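In structure tokens below, several structures.
Heads up, the next two complexes both have chain A, just with different partners, chain B and then chain C.
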Partner chain A sequence: MSTLTTKPKKTKVAKPADPNRPHMYGMIAEFETPAQILKAAEKVRAEGYKWWDCCTPFPVHGLDKAMGIRQTILPIIVFFMGMSGTLTAFVLQAFTNATDWSVWAMVWVTGYPYLISGKPLLSTPAFIPVMFELTILFSALTTVGLMFAFNGLPQLYHPLFRSKRFRRASDDRFFVVIEARDPRYFKARTSEFLKSLDPVAIEEVED
Partner chain B sequence: MTSINLEPGMNRPLVDNTTDQPGVRQPLVLNMDRFNQVTQQVCQVAEARRTPMAWYICFAVGLGLLGILGFCVLYLIVTGVGVWGLNNPVMWAYDITNFVFWVGIGHAGTLISAILFLFRQKWRTGINRFAEAMTIFAVICAGLFPGIHVGRVWVVYWLFPLPNQMEMWPQFRSPLLWDVFAVGTYFTVSLLFWFTGLVPDLATMRDRAKGKIQQIVYGAFALGWRGSNRHWHRYERAYLLLAALSTPLVLSVHSVVSFDFATSQLPGWHTTIFPPYFVAGAVFSGFAMVVTLAVPAREIFGLKNLITLRHLDNMNKVILVTGCMVGYAYAMEFFIAWYSGAIYEKFAFLNRAFGQYWWAYFIMVSCNVITPQLFWFKALRTSIPIMFILSLFVNVGMWFERFVIIVSSLANDFLPSSWDVFTPTWVDIGTFFGSFGLFMVLFLLFCRFVPMVAIAEVKAIMPQADPHFGEDHDEHHGEEHAHTSQGEATS
Partner chain C sequence: MSHAHVPIDLSDRNIELGSTGSVARLACFALGILALIAAILLAVTGNVEWPVFWRSWLQNWIFVLEISLGTLFFVFIQHLTKAGWSTVVRRPAEVLASNLNWLWLGFVPIAVLIFMGDAGKLFPWTDMAMLAEEAPEEAHLVEGKLAFLNVPFFMIRAAIYFIIWAFLGTWFLRMSIRQGRDGGLAATRTMQKMAPVAAILFGLSVTFAAFDWMMSLSPAWFSTMFGVYAFCGTATCGFSVMIIVCLLLQRNGYMVNLITREHYQDMGKFLFAFGMVFWAYIGFSQYMLIWYANIPEETGWFLARQLGEWGWFSAWLLFGHFCIPFVFLISRHPKRDWKTLMIAAVWMLFFGWFDVYWLVMPMIPHDLASFATYDAAAEAYASERTGIFRPVNWLLLVGMLSIFAGVTIGRLRSHPLVCRKDPWLDKSVGFENF
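So, the complex of A and B:
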């Protein structure tokens, strides 16, 4: 139940097929202010829904906490990728400038031991700038790449884009989305519940 | 701009938000109470069917200069670097001056996007988008010069860590190679940072798009962003990480650029003050360029309520501070030259100020040290025409700073018998002005098709974005940054 886009960990719910609700993605409720969405999120979470989300035009302060989103592990991975960048740079420079080894890396490559103004072959201080730069480069690429990957993006199509109302999620409206695959999702009960949150509008979205 | 239609309430005269009163937080977004107004105003610029006349005029000028650049570069490649005014002691002149100048310009964008973000300077949101764009375009201009000054452009790949036909690798003890890595990393990371910031705004453009083409193009670049808070969570983390990574990066880039000079033995170059001095100079010139671009942009595209006088005032303060740092560095160079007792060092600096390039030194000091001092006065700091003119002076001064450092040190080194004078040729001058064409064309295309102001970020700093907005209590929440919470797992 980590995200909307990954599969649930446990085997999912055996729910009787409902012929009245074919191919429904879920239900959205529209709110007007950050305060309302914050309150609504707390209630949806308290109600026990698992497959739900809030869609907002900008990150709303405190919404992570209200939804119970746990801290991402992205920074830890970035740290290790950064360190691997440092190591890559060191190995690259030491191999190419300080050794005469031949190594097979797709093709045979050989180091070239440079003697420059009597400096030692392995002049580590001179290797620091490139080690630093590759640390940053590897970290930044990992940060952006994994952030989008964990978010399941790029995903150019999404059922929510079917809803005209939902387009305001990138403008000035705040949405609670409850997915149909949630075990607690039943059309009547969920819409009743969402109404109790006092939204501007409720809409069912087809899959 | 004729096609900007402001809502009635937004035509109110703008309040003065440049004053500081204890306990009062000045608004950074003027005449707007609803999020929709931000979206509307920023998107209108990119959505407008009619482009303002001023844009076409600037674009024509930019294209003309770009043509000159193309011609000069082509002429250089087919003829050889002899078409430049370089001679035996002065092997670097306009090419490296332009390189350092353009890389320096870029630094302000990263400072605004990364360092001000870490310092929680909310005013950055009004200007960070186009300052970052400026960074990327400036680094593109900068990257051109080392590429073409190598002489044999067709073997420019020797810059990269690849063995040549003699199985020799690049020499990693050379700061020139560090430069390749520093500038390459800087460009990549700046682009990633800029694009990450753009994604939510491109989604806004996609959702508003009327035509099929706009929908597809903006949609593809928005990567399917739908504002999910589970996404926002990782997005904000990633943004913070990028800011934390870019901050040391931006300091390292101009430090490495300064190593190109500082690690050599040449009097006037061989100084330890260079890295911090170059970084301060880079930020100084970059902020001047941001002001140069922001002043006309907010006029032409009607963004005066988002890029307010307070933003400009703040930037002018940064110009004043960094200008003083640069002035201090100039003075300290002279002091150390005298204090070192080294005759070549002493001569290099006296020659710099009173030798054959005295006029360049004079332009540098008057533009970089004297003009920013006017920004001590608030009336001048908040006057649009004055700040525009002063920012142009700073741009000129900072170009001459690099020219003075590079050319005057090279022209008169140890042995008078090897001295010479550098005089630029028309190709030198054409390439330099042509690079402004490249910059202008890229920047104008950006202004026309991409949201110029970070829409989502501006919304998030509006008072209305606070979930406690309108509640009757103090603005101090203890738990403001308490993000730690347990619950559902996210990757």
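So, the complex of A and C:
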């Protein structure tokens, strides 16, 4: 299942309020093969939709490119968080083992210059394993944490779960989902457009 | 699944070198032979002392050997993991690895030297009388190792390594060529069955070869991690050369639309992971245990690499082999762009050579243990020189590398650059990274 990692800006478009009509989440179109969804994704993108996604039972090669998904900024953040892990570990060990400074961190903390087997107090080689570990720890936590945040997880409920048809997205069918909040979303026009993609079925999903 | 929008071009024009490269091949041979002759002349005329010459010979020969061993590792690891992506880049690796069937020639002069009993300055354990005279305490330590470090057993071991390597290096190429001719899945299956055997033989032979040819230069010293360290060296040199060869072929108009940036990214990952990060990991693990335990008979080896100019040399090794290329190559973009990847590969190849220099060239002074402090030793040996700018090093490097390149070009010309009937060729061409 591929998701948009960098979401477009929210644009508010005034729509005629119809109290009799239930609020819609969007429209889904069902496809049978990866090749079809690739072609469909390219067309949806060309049509100018911004709030849309593809849902597939397994990763489809080339789908990101077809959908025009830009690369996420996550790796860059992870790199710098990893580096700060390295630095944190070094500063922590250098402060606690090689200085006698007192630092106020909620309570007064004092370094304890501790001579170990005649090595210099500031012995970087001894610090490196911990520096390595904290680099990994910071990177891993950042990766997982931001991956959840960027994808809006954990999400216990999603409007698409209403659709019985959509259940096959985790089995053997491929879906294009266009959300109703897209400024280009108009029921008649969007369903007309989706039909032109030659799907197996189209369904409107309530929010 | 494959998304090759462009049809796979398996025509001769795209994957057969044919008569191209004959000038380059001749130039390589000429340059190589000239450089070797010049290096030998330097030694004969007394401009270079013979022990220095042989040390440099050993170092450059091990460097060239590591290139082939690294590519051999690449070949069998693909079969071991049943990897499909690498099919289009495997033939250059197989050809590079097949050089193992003649690289033993470089060992012959050293073997002759040992048989003549003149190798005492190179492998001190071959001349115990000299060692006992110069450093009786060290000789005492080495005596306990003579059951392993003696000339006949040393030569038998060397012969075993060469047989293993020559067999594995040519076997994978032969099988792949046969498959390119006859097709079918049987050859792939056979190679996959051979891969684990190759992995075990490779691991053992590289480890013991490193013990024999590099660790025993300082026979009193020992490190069980040394074999893995040497393996990382083979990965550095082998993967760098593989990337360079693939890029050169493509820049000259071959393998068009076969090797894509997806493959380069993966080869870059291999270089990054094994040649850089794993190297640093193993190198540091070896250093830290010895540094921490601080036992004189172990620390001497590292101390010798910190005296005088060697201190800066070691720092260069750390930054040039790890820190700088790590930052440079960690992102996916430099691995996917041919220019940046080429820079990284050439850089890493140079530091692969630099690393072997660091392993082979320094000699541990015999009186190191007699100094009371580190500072006293550092001061006494403050004038130690690395000698890296000695012409003989560069002449031997150019000589051996050129001959290696010449033979490789010749072998690339005599076979298609890709296995035409490999069952996974489609899959490999359409391969994409996520």
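Assorted remarks:
Keep in mind that, in the parts below, the second predicted complex is superposed on the first by the 193 of 207 C-alpha atoms of A that agree within 3 Å, B and C clash if a C-alpha of one lies under 4 Å from a C-alpha of the other, contacts with A are read in each partner's own complex, and residues count from 1 in each chain.
Basically, a contact is a pair of C-beta atoms (placed from the backbone, for glycine too) under 8 Å apart; a residue touches a chain by one contact, two chains touch by 3 or more.
Keep in mind the model is a prediction, meaning the values are calculated, not measured.
Superposition of the two structures on chain A shows chain C clashing with chain B. Touch criterion met: A:Tyr112 reaches chain B, while chain C stays clear of it. Contacts of A:His158 after superposition: chain B is touched, whereas chain C is not reached.
Touch criterion met: A:Ala126 reaches chain B and chain C at once.
In the superposition on chain A, A:Val144 contacts chain B only, with no contact to chain C.
In the overlay built on the shared chain, the residue A:Leu134 is in contact with chain B alone; chain C does not reach it. Once the two complexes are laid over each other on the shared chain, residue contacts for A:His61 go to chain B and to chain C alike.
By the document's definition of touching, both partners, chain B and chain C, reach A:Pro75. Only one of the stretches 56-64, 380-388, 434-442 or 470-478 in chain B has C-alpha atoms clashing with chain C after the fit on chain A, and that stretch is 470-478.
Of the residues of chain A, those at positions 34, 59, 61-62, 75, 119, 126, 129 touch chain B in one of the two structures and chain C in the other.
Across the complex, chain C is touched by residues 34, 59, 61-62, 75, 79, 117-119, 125-126, 128-129 of chain A.
The residues of chain C lying in touch with chain A in their complex are 1, 3, 284, 287-288, 291-292, 294, 330-332, 430, 432, 434. Chain B meets chain A in the complex at residues 34-36, 39, 161, 163, 167-173, 175, 177-178, 181-182, 184-185, 188-189, 192-193, 195-196, 200, 203-204, 206-208, 219-220, 223-238, 241-242, 245-246, 248-249, 252, 256, 259, 456-457, 459-460, 464-470, 479-480, 482-491.
Remark: chain A residues 1-4, 6, 33-35, 38, 41, 45, 50, 53-65, 67-75, 78, 89, 92-93, 96-97, 109-112, 114, 116, 119, 123, 126-127, 129-130, 132-134, 136-137, 139-141, 143-144, 146-148, 150-151, 153-158, 160-161, 166-172, 177 touch chain B in the complex.
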